[in-house]
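Beneath this line is the structure, given in structure tokens, with notes to follow.
We just call them A, B, C and D in the order they show up, numbering each chain from 1.
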């Protein structure tokens, strides 16, 4: 299980919720905010194609491809995934054109979970983001296994969102069983 | 009218559709790809608050605030706005905390149009992005006046999407009348 | 608390989930399938206005208006609310034109919960229905307090959907506290 | 081309928009409001299965199955399709269990268009309905070729919605070419 953390701050609600979900489970993870990831330059129809980029993208992609299960954890920023995460995913378009990488073939079949934390109305206003992830998974041939939306603004808030915590503990129970 | 261009390449479909929409109308515009815009670091609950950032954000925001009508033009990247545009909008959270700026007060009441170009199924798969913009506008007290989704991948494709071009010409007619 | 049941069969998954949600709580409820509710005939712009209708609509509306909290419980039929429930809600357009009823004024401020049970992918495919209810509540000035989507086809299935049951028990705890 | 009309009144905006779309094209159509269609009684898991129903369902289904292209035309009632249309589609669940009918096999591959007319904000508030139709088509193996949302309340309003009329004329041009 590979956790892709999109939050821009340390130990915020999204990380706190992820900690409950993965308690007792061995995971690998990346904090996108600690990595250098440049914006995509669309080279799909340029004569020269995509240009090489000097950043941390390749190492994250390598790690991601080694896992069967991916967890995308992001705060709900402006009713979408964080810019950190969007910038990362946009670059997949370049991965798709790198024939040696076989990106789509290797992403295909992966299980995906989406973890979102937003403000008090996030269980409504976060739904377009869930639908976006559904389209992403569908395009890549990945299976969107589940998604969870927590509510919180100040760090610690999400721990008081009892409904979400009840769901999270159930996910943790199921993930723990599968990990056995 | 202020055009915020989110495409990562020059003269792609999104810019071509925008050109039809704004034909004969005086507009100001910014290409986000030409600007330095750093990812947000969420300082809302940090003791020191948000830290000053050295990039082009302030000048874009200044220009944007001078206009009554904003057009967000973005290719549909991974079923959402481009990373360039998301990174830009995420930073609004910092603008909201800058009291001298009076960001929300000045954004309030602006008219917003959204222009999207995606692949052949974009009129379906782009809907979560439209809904996201609806939430953004609603939060900021802006009025989402209209949105349009064109279909195209290779530059020039969108010009062959007759349904979208018919809509775009009608928008252009209405915008031209208002500009008088 | 008033439960509006939209299922077409007795003791199916939707009713079973509702039973868990309301365990130990005094509720009033109506099974729409047991009532005669005719399709709306749009008379908003007819010279004679809406015509009187002989069915059970008035008595259900009367009961509904007496409660501060409404629960709309429906199976996910064809990715929407059941025809029974849609037929019922369509008729609200006629209630809105009945001045003596003061329908909108009295619906305003009510708390609304939505309970949905669909097939294995309902947590994704049920989202447009949640968004529809959000628009309905927003138009009527009601507050959409929460929604839950269970998975099940054969009666009893939803009881095995552990994530949903965990959520439902938490709702029941909160509702029980409020009822005190 | 088979037009399934879901409006509850004659010559309202939905029918007016449909008339523009189909001008000069030979179509067959049904007004659901003129037909007797009973609510579904879910018999999928009943010992006796679905019970025979005495209404007009069979004749509409027969007509529908003869066409390669279906147009679902409905006013936006309460942010969804009309109760007339929902009641009709719910009954498809019974068609699916009628082995002699081979309903799914015969619906598969049909082209579908969706025509919606709602109030002034319908281009936003009608989106969940478009997404619902996408799920319906996807389940049935039909292809959602296009959708259009017009704005209008009083009969005749939609004819003043220039953007929609421009789109509609373009559809009409394409349909006319295909019909040749």
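Here, a contact is a pair of C-beta atoms (placed from the backbone, for glycine too) under 8 Å apart; a residue touches a chain by one contact, two chains touch by 3 or more.
In UniProt terms, the chains line up like this: A, B, C, D = Multimeric flavodoxin WrbA.
The shown structure was predicted, so the numbers you read here are calculated from the model rather than taken from an experiment.
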Self-check item: Farthest chain (mean CA position) relative to subunit B
Solution: C
Practice problem: Quick one: report the Å distance separating subunit A from subunit C, using the average Cα coordinate of each chain. | Solution: 34
Quiz item: Roughly how many whole angstrom separate the Cα centroids of subunit C and subunit D?
Solution: 24
Exercise. Quick one: report the Å distance separating subunit A from subunit D, using the average Cα coordinate of each chain.
Key: 37
Quiz item: When you check subunit A against every other chain, which residues touch at least two of them?
Solution: 127, 131
Quiz item: Touch graph across the chains, line, ring, star, complete or other?
Solution: ring
Quiz item: Between which chains does touch occur?
Solution: A-B, A-C, B-D, C-D
Quiz prompt | Residue ranges of subunit B in contact with subunit A within the complex | solution = 7-9, 12, 33, 39-46, 75, 77-84, 86-87, 89-90, 92-93, 125, 127-129, 131-132, 135-136, 139, 153-155
Quiz prompt | subunit D residues touching subunit B - in the complex, by the definition given at the top | solution = 123-124, 127, 130-131, 134, 144, 146-147, 162-163, 166-167, 169-171, 173-174
